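Next up, some structures in structure tokens.
Each of the next two complexes has chain A plus one more chain, namely chain B in the first and chain C in the second.
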Partner chain A sequence: MEAASQSTYIKRKRDGRIRIKSGNKAERVMQGTILSFIILTAIAFIIFDYSGLHLISAVQETMYNLYVMFLQPGLSHFGWGEALFQVSMTLGLAVLSTVFGAVIALFLALMAATNLSNKGLTKTVRIIVAFIRAVPTVLWVLIFAIAAGLGSEAAVLGMLFHSVAYLVKAFSEAFEEVDPGIIEALRATGSSWWHIVTHAVIPSTFTYLLSWTFLRFEINFTVAVAMGAAAGAGGIGFELFMASGFYFDLREVGFITYAILVVAILLEIISTQLKNRLFPAAATQ
Partner chain B sequence: MSLLQVKRLGKSYDLETKVLKDISFDVEAGEFVSIIGPSGAGKSTLLRSINRMVEINEGHVIFDNNDVGSLKKKELRQLRTDIGMIFQHYNLVPRLSVIENVLHGRFGYKTTIQGILGRFTEDEKERAFYLLDKLGIGEHAYKRCDQLSGGQQQRVGIARALIQDPKLVLCDEPIASLDPNTSKIIMDHLQSIVSELNITCIVNLHQVEVAQTYSDRIIGLKAGEIVFDGPTPWLTDDRIHHIYGTETRELITG
Partner chain C sequence: MKREKEMKRKRWQTTILLAVIIVVTYVSIAITEFNVLTGITAIPQAIGWMFSHLLITQESLAKLPSILEKLNETIFMSIAATTTAAAVSIFLGLMGSKTTRVSNVLSVLARFIASFSRNIPVVAWALILLLSFGQNSMTGYLALFVGTVGFLTRAFIESIDEVSGSAVEALTATGATYFQIVNKAVIPQSLPQMISWILFMIETNIRSATLVGILTGTGIGYIFDLYYKTMDYNTVALVTFTIVITVIAIEMASNYIRKVIL
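Presenting the complex of A and B:
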């Protein structure tokens, strides 16, 4: 074929075939990272301490425990009403930290978005928020527990802190996606910054803000369960902790797990419904 | 005194290249002026220097006896209420209704709180509907802007500019994304803005023939300098040739 190109820009693989990946640095770093993960995992398995572990009986016992847990669930230390109350308490923790977190994050995200704020402020907010996000929620709860004592206050504060940091990143990235032309057009009419934010930026990104908030709410629900167990924040998580660590009541553990699962599924259904109902156009995109 | 005076205007985005060099011209109230020139010539930058959407480095822009370059933030907002702007990509908020987008043109007259709460007077709303009717899109007032065709969206853009009660309208390639029929509708509307409402229009255009059909006066821009400025009939083929350079002649005529 005469069309065979002689372009000097062609890069070839070792066997002479033409490359289509750019083969840049980022790609090589990525490959290196994956390779080292594989090697590290293999090494970890080799040097585990397997003494005292009888594989067959271990598997058998685990299977039996799972069987009791999930096929014979039941309540013994508290009743249905109490269970419902504890679940709603956990939900309450999640709602509180998500709602406050979203409101605070909205304002901080406006400062963190490069198209709405100045460089200095953007950088400062981003660095602080990245630091907060790097520390796991549990650790923040424990840090606040020093001042507030272990309990629901510390749990809400810690979850709030992490939610804000998470949502600031999500929200500010959504804000930055707004068509710069829209902002320019409103500036040209003499609109002030607040007019642009309330009538162009937020309406354009509202679905994203809502989805991110709901996603964070789902995360906060599971975190609230864990905080109940780990930080004495109460709610269904605490009951789970008591059932498994204190009473060794596998049936109750099974029941509570199912309860949490049901709530999680309900949340998922509600969030999908809400999105379809409020934004039929966004759902079909 | 002219409505707009541009005096020895110079602009550069970085240290190396000057995008606009020593630009001077006056525009009288009620004129329809087209700015033509190859892409990258600096047409958009020139237009945005007039309402200070970009900061100017040298020279002065005097609009309605105000030195635009020296205005404070609040004064600048006030100045911008007198200058409407129309864009190639319409730049409407797609998720909001047509009427809401038109009313955005009133924000320049509002305090922060009034604007945030979207407090518009009945007069303003009636004026918005009047403009939409006049532009032939009254029936779409409650539709979301992203459900409209390009030509309809551009008419919303025109309504948004007109509700400002501007003395001058700046149009940055208003028909570059539209087909010929729709382009004609838009250009006819712009023409009637000038003839009926006596609002001054400065339009950046890609198409020389359109500029020749509609404008009283044409300014030719090439590499940041004015190479032609005069009444439309003065723009001869040779001068068009000069503005666009040799090799692009076929592109323009063909």
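Presenting the complex of A and C:
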């Protein structure tokens, strides 16, 4: 009895009370992270460049702008048909970069999955992918614009690069979760690497791949809007940029924003529905 | 027999799905006037161009101090936007979650705000705010802030729902007040998840901040745009390189934190 009480070490506070929370590493790191967030935010507000900012009038003006935008939307520089065409153009850019991206990513992910490929290849693919992902999409599009000229090719290729990098990470993680028993069983029957991939790995992860691809499509729509505005890639994003930056036509900005909002919400609903249908177990949890 | 039928149905579904994807792709090619040949040949062309033009030279290195200053602005902007948005999102998340909601009206309102601010792209927010806030850090900060609130609220609602069902029930049974339940059960249990989401959002925001910077004329995006338009590609390479280093460094730091806390 005595030995037991000696061997257990009880952490006490300075005033002798027993500590209820143990200060483990996870907690310390968490507290440190939160503390550094707060300090960095405080520094950020001090060093911000406030030149030319009149906060009160800016807030009032923004409120008025938002009021005009959202309550009196209208079109003045183009009609409904044109608006619909521009939205489908943006959707088209998103589709192309997602579909091509998914196909390329499928092959690269097979090379990047640790259970399907050798160590050297896995590492090389992963480093390249990490590098591609670190460069913002808009920079890729602008860089491709020099080589391919401004237009849909540069936009699709730039977005493609980023989609591939994103999907390779997601796909290879899905492949690595395939039951090793299945792969071992197929290997024991003498199947080739290609047989294992087409008959075990892809069928068992297909729904995951599909839902990741659709998620990327959702992201790519937003990215395509951004590319239209920042890199002149065309589509609804470009119209938005023109309406706000050149015509200062708030009602048109409002209309375009509504159009983007409707498509984005539709995509989100489809994505949730798809997820619920594909993974009914996860949805009921 | 039944199983065989099911497999047949599944095969049909896959075939139809693939057919739909091919048709949609074909339509997209037509609408965007995408030239597949140009697209394919542009890749080696672009990579060749990158290796011959995007080189960091001595001359461009002289501009490093001014680039780093702008990069600093961008990093701080994304961190400040993410943390302040997280503070708002915790509140909205508590309102929106099934287990901790106060009233149904507030819950619907919280979800509506989240969906609204999330689904309008950051670019649109940046352009709208630029009209009255002008070219300074506040514009970029606010644009990132609004988008982040939308995303983090959705993520926080999910983490709170996932984590705290039984704990909330247990504490309610002991007669704990709402504040005690939130403070002692909901927040501590979902905190690791939340920090993980915040770290993810900081990474994303640094990339978006570049884009917002191009539009609003602030931070690293502005510097990039400046040298890009004056065709000083050596400096463009240096700017890109500093962004890559920053993003990878932040990714590594957050991976470490995630590994420890989750």
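As a working rule, the second predicted complex is superposed on the first by the 229 of 285 C-alpha atoms of A that agree within 3 Å, B and C clash if a C-alpha of one lies under 4 Å from a C-alpha of the other, contacts with A are read in each partner's own complex, and residues count from 1 in each chain.
The working rule: a contact is a pair of C-beta atoms (placed from the backbone, for glycine too) under 8 Å apart; a residue touches a chain by one contact, two chains touch by 3 or more.
Since we're looking at a predicted model, the values are computed, not measured.
Contact with chain B, but none with chain C, is seen for A:His199 once the two complexes are overlaid on the shared chain. When the two structures are aligned on the shared chain, A:Leu150 is found in touch with neither chain B nor chain C.
Of the two partner chains, chain C is the only one touched by A:Val99; chain B is not.
Once the two complexes are overlaid on the shared chain, A:Leu75 sits clear of chain B and of chain C alike.
Once the two structures are overlaid, the count of chain A residues touched is higher for C than for its counterpart among chain B and chain C. Judged by the touch definition given at the top, the superposed model places A:Lys25 against chain C, while chain B stays out of reach. In the superposed pair of complexes, A:Ile38 makes contact with chain C only, with no contact to chain B. With both structures placed on the common chain, the touch criterion links A:Met111 to neither chain B nor chain C.
By the touch criterion defined above, A:Leu66 reaches chain C but does not reach chain B. Residues 206 of chain A lie at the contact with chain B in one complex and at the contact with chain C in the other. By the touch criterion given at the top, residues 25-26, 29-30, 33-34, 37-38, 40-41, 43-45, 47-53, 55, 57-58, 61-62, 65-66, 69, 85, 88-89, 91-93, 95-96, 99, 130-131, 133-139, 142-144, 146-148, 151-154, 156-157, 206, 210, 222, 225-226, 229-230, 234, 237, 240-241, 244-245, 248, 250, 253, 256-257, 260-261, 264-265, 268, 285 of chain A touch chain C in their complex. On chain A, the positions that touch chain B within their shared complex are 179, 181-182, 184-192, 194-195, 198-200, 203-204, 206. Contacts from chain C toward chain A in the complex involve residues 14, 17, 21, 24-25, 27-29, 31-35, 38-39, 42-43, 45-46, 49-50, 54, 72-73, 76-77, 79-80, 83-84, 86, 115-116, 119-124, 127-138, 141, 162, 191-192, 195, 198-199, 207-208, 210-211, 214-215, 218, 221, 224, 228, 240, 243-244, 247-248, 251, 257, 260-261. Residues of chain B that touch chain A in their complex: 51, 53, 77-81, 83-85, 87, 89, 91-96, 100, 104-110, 112, 115-116, 118, 157, 160-161, 164.
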